[in-house]
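There are two complexes below, and they share subunit A, which is joined by subunit B in the first and by subunit C in the second.
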Partner chain A sequence: MYHSKKLHEKGIIRNRKMLTQSQYGDYKFVGHLDHIKTFHACIKSLCFGENGTVTFSEEGLRITVEQGKSIQATLFMDPKFFAEYHVKDLTSFGLKLNVFAECLSLFGVMDCSVKMLYKGDGAPLIVLLEPHNDDDVSTECAIKTLHVDEPIEYELDENSASLNVIFMRGPDLFNIFNELDKAAEELEFTLSPQRPHFKIATVGVVQAESTVEVAKSSDMILLFNCRDTTVARYKSQQLRLMNKALQAATKVAIKTDASGLLEMHFMMQSGDAEEIYVQFFLTPLLDI
Partner chain B sequence: MRFRARMQDALYMREFQSIIATLAKLAKECIMILADQQMHFIVNEEHNSTTAPLVWASIAAADYFPEYKMVPAREDHPYIVLAMSAAHLSRALAALRTGATVNSCKLKLQRIQFPCFSVIASVVSQQSAEPREVVHDVPVNVVAASDWPAYKIPKVPTSQLVLSMPSLRMMRNVIDSLKNMSPTMIFHANAGGELNLVAESEMVTITTAFRHLLLRRLVNRDPTDNDEQQVAPDASCSVDCRKASSFFSALQLPNEELSIGIDSENCIHLQLDVRESVVLHSILPAVCF
Partner chain C sequence: MKCTFEGSNARVIAKAIQSLSKVGKELYVEVDQNGLLLRAINATHSAVGSIRFKRSMFETFNLPRTGNADFYCKISMKPCLAAFRSMKQVEHCELSITDNQTKFQVKLRCKLETVRQSVIAILDEQNITAGVLPDHSANVIRGEYKLFMEISNSFNAAEEELTLEAKSDSLAAKNYIEGARVSDRFMRSQLKLKPNEFTSYNVTQDTVITFCLKEFRAFLLFAESLSADMTLEFDEPGSPFFLKIKKHDDIECLLIMSTLSPDDVSFSEDYCQRELTVQDAASPVNVSKKRKGSAPTEQIEHKRRLADDTTLSTTSTDLALFQYNGLRTTPTNISEPSSVQPARLLPEGDTVDVDDDEEALILAAAVAVESSQTMPTANELLSYNSQEAPPMTVLAVQEDGSDEDCVPQSPEHRDNVRAIFSRCFQKTYVPREPSPSSQMYAPNSDTED
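Moving on to the complex of A and B:
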């Protein structure tokens, strides 16, 4: 920040609004991550939507994206995930996610540490990147923050008689998704306490039909807790938006109930300790 | 008009191939200027290409070619100028990439119905003791002496500051990302060995600083200045991101070190020293924003 101020004085940086010159203590949010990799993968998995809503609170960092009114993704990061996490009261702002992701990938695959700073309403989000293997290089990004509307709140009723929950291994579900017919417009999910337990069928391909069934005794399934049979259809195009998150996930939770609202929970592990969660809500297609 | 040259050393052959491969990534056409002691290549000489920058390479004949003979069309001509497809030439040299199996490579200008630049590689195969000859004839246009003024070897601009950048890979990554966010970027350097790459757009301002770079040269704008009052000059220039990026992504040479010269408000001069007298240059012209 001090660096960009100098450049501004010399006329190299022209956009004064992007400068933040105050003291460290004045920040509403300061977050420091030692390793960028998992965080970057998570942000990339949210990039299907243009604007994200970023919220900082004592509980951690949340970033929510929506596309239309039918798919929503939220990233959760526990303060424990950060090497340093300070927050002064709840703050929330909008951010262009593709710009944010591009900033995080400035150094390519090189591992670097990330520091994020936010001063308050109207100020840019400052992102500082420092590669681990080169002390002589550093980057400061100032990303404009925007005003956005509050995202829609989706929720599954925990006490519903038809709440079905399955925990699966991430790479296995990723393989299943990959093998599904890409031409299919819709996918039908069946979750049931009886056989076939968990079934995905393709719908809408002329003269072709494919189904994948996973029994609850399968190694792929880590937890199986289904109360009632639920069947719902989803647009495969929208399910594919989860691909990037699924690719990075170690564990996936699939939740749904009689309403058909699908909640997918992706857990991304970095190294050994803490996890980042990305949660997707997907609304079903209307019954035919 | 005659030309023939021969290469023998596997390392040199590979380097020569890499230089041509780099040029082929930047443009369709290249100009080859064969002088008495030197060989030059120029791509995008017209300077107005939208994405690729002007790049040229100068090779001291004595470095690469134990045998090098050039006889111009007329005695008073200093060189031969040829225009050819960079991709064809690069493909003709592809055999040299795996230097170990190539004994030697001859380059020859000859007329087979039309003028051709022939690349004759002598390749050792595993099956037989006899080396095979792989011949590629690249059709060329001989540029008439009257058109030579259009194909002059560019002059190296006088930069106020020249810094040596040790890590090409990191810079390539940074420039590649910047081009997705802003059409132009600024190179800013000071005498303290610091180079800043700055990109600004409506949404984002990005400043990447490279510190403790080796200062190769520092030209004082006003030579009458005394040492005491000398203020360390800064130099900066704004260039097209896509041009910068296409140079970095085209590079096929294993060198990691690049020198960056900044001629304030005028141009950026990038220079890659393959050997002492084998040098690849590029100029990124300044843009207003």
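Moving on to the complex of A and C:
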């Protein structure tokens, strides 16, 4: 590998094993990103859980995080997002996401390019960071990988008669979430083809209840496709875990059906047209 | 009841609620023929703030359909604040009473076809009225909010009370220091204003009043958001103090605050008495030295900072903050030092009777303690004096001549050393104070003392 060879010549990398003679011959996965910013924001939005499951395949990179069986977040990156993307066969391993996020932030706000390398079962994930405006510095981190269980698969039935889908502008939804009463323990989401088209109500505040309604004709709603009225409640504490993703998102898709399972897609756009998706699944609170 | 108004007025009402939330934990809403009235009372019932919005502010204004025309209720402040929290996007607002008069509903129509609605439970059908009404107070002062802002900002945010000393030719604002508060750490600030700073200034009776800053600041905030003038009305200490804000006949605010009664152990009283004696003593040089001496632990840096403050506020407008400099240059203000000698304010009974020998011993100990603390030496003090206040004696002579009315008596003579450690030599000095647990095991062998 050209990059680490250079480092080796400079004496920065001592370990010869890190060098590859042929083009990534030994590696199960090699990914190169020119700009780290959006990727870093996405990883940070997943940091609510400790361990993430990283999966590489021909379709792209996936990182899944769970917290307590009721909230799950998955990051999707298309191979097109990478400047280089080589994968041998489907591999998956566990990773401490906090550590990964910390490694990515080693250069602070400086724009970096990042290269990720993984040799295979038991090997560490190697992260190489190179700032764009400083050729003399680069970092290499080796992060231990773990064995993890397969995450739970959540899915909404695409053919359900009650499947409701709304696409919204990210910053506007962020404002709405931000203005909700922080004291509320639960939030009730109502999606309906009639008025109120999209409504969030706070539940559990003493002496007060508040609601926010958005009409489907509003400019912040990009697509409104509701078949039936669905009402479900979610823990506001868990919804707040989405805040970081929501803050970085340019577009958000909200999907739910009669079961109440809430699926939110956050689209993060970096300078060019390519997107990273972060998908959240949130299970509803039971009606008692 | 139902009233609607547009976004910019909604923002004003939001500001009003924010200001009232600093006064009390509950909001009293009253609707009558003339408009909407919001009120709050503080926990100790010493301040009532009310803000009236006239009917002209509203697009529609429907009184309740019930027999009695007036409607009033009490709601909790917290959800109300939450409802009016972010007002940037609001285009239209509707207030109504729903659910058989048990709920207060706020409906905010925002940009991007968003509707925010809050329903707040009505706690009680209760109303408050203040027993006093502002009729013709002896003293009426009116000025721009900026001026009062300046006064309020000149004092530490932690200060709880403010004393206004109004005379027909000047107004002095100072922080209030409780009579018995004995601490080396406190700072005395005073701001002196001339009547021509105010839009109108009518003080018929010299008054020294002390009131709470918290509510004053809350209403000041509202005046700032309206950029309106403020009017202060007050009589003698102990009687209520009124603060009025009025904007285009649409909004009228009234804050009624109780003031400190002169019967209480208050600084204003002590202050007045002391004023006589010290003003009698008025050689400014002496005064300034006494002042230094009275706060021996204050360090030069601290004083420098004060001095900086002074210059700051004097440059920003033509207000004069009478700190150390001001004190020396304006002998009308000589009363200052009294306030910085808290030990003297202790009741006589508190002092310990000791015979001369013992007293001398303890004094020596006290002096040692005091001097071991970081404090300016006599030299430093002198140089400081000469830097900060050049022609003191000359000035004093002039002023004495011009101020014949209250010619002070000659001061007690004190030599330099004594002036520096003056607190130790005061009659009412409590020797126990610096180290209450100190015990004397051997007599003093130092013959100099």
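Basically, the second predicted complex is superposed on the first by the 265 of 288 C-alpha atoms of A that agree within 3 Å, B and C clash if a C-alpha of one lies under 4 Å from a C-alpha of the other, contacts with A are read in each partner's own complex, and residues count from 1 in each chain.
The definition used in the following text is that a contact is a pair of C-beta atoms (placed from the backbone, for glycine too) under 8 Å apart; a residue touches a chain by one contact, two chains touch by 3 or more.
Predicted, not measured: the structure shown is a model, and the values here were computed from it.
Peer 1: By residue count, which of the two partners contacts subunit A more extensively, subunit B or subunit C?
Peer 2: The larger set of subunit A residues in touch belongs to B.
Peer 1: Check whether A:Asp172 is in contact with subunit B, with subunit C, with both or with neither, and answer first, second, both or neither.
Peer 2: After superposing on A, A:Asp172 lies in contact with subunit C but is clear of subunit B.
Peer 1: What is the contact status of A:Thr211 with respect to subunit B (first) and subunit C (second): first, second, both, or neither?
Peer 2: In the superposition, A:Thr211 touches subunit C alone.
Peer 1: Give one of first, second, both or neither to describe whether A:Leu285 is in contact with subunit B, with subunit C, with both, or with none.
Peer 2: Neither partner.
Peer 1: Looking at A:Ile143 after the superposition, I want to know if it touches subunit B, subunit C, both of them or none. Which is it: first, second, both, neither?
Peer 2: first
Peer 1: Thinking of the overlay built on chain A, is A:Val99 touched by subunit B (first), by subunit C (second), by both, or by neither?
Peer 2: Touch partner of A:Val99: subunit B, not subunit C.
Peer 1: Would you check which partner chain A:Leu222 touches, where first means subunit B only, second means subunit C only, and both and neither mean what they say?
Peer 2: After superposing on A, A:Leu222 lies clear of both subunit B and subunit C.
Peer 1: So, does A:Met110 touch the first partner subunit B, the second partner subunit C, both, or neither?
Peer 2: The answer is first: A:Met110 touches subunit B but not subunit C.
Peer 1: Please work out whether A:Val231 is in contact with subunit B alone, subunit C alone, both, or neither, and reply first, second, both or neither.
Peer 2: neither
Peer 1: For subunit B, which residues count as touching subunit A in their complex?
Peer 2: Spelled out, the residues of subunit B in touch with subunit A are 167, 169-170, 173-174, 176-178, 180-181, 186, 188, 196, 198, 200, 202-213, 234, 236.
Peer 1: Which of the residues in subunit C come into contact with subunit A in the complex?
Peer 2: Residue positions touching the partner: 75-76, 78-79, 82-83, 85-86, 89, 112-121, 123.
Peer 1: Tell me, which parts of subunit A touch subunit C in their complex?
Peer 2: Residues in contact with subunit C: 172, 175-176, 178-179, 181, 183, 196, 205-215, 217-220.
Peer 1: With touch defined as at the start, can you tell me which subunit A residues reach subunit B in the complex?
Peer 2: 3-4, 7, 10, 12-15, 18, 96, 99, 102-103, 105-108, 110, 124, 131, 134, 136-144
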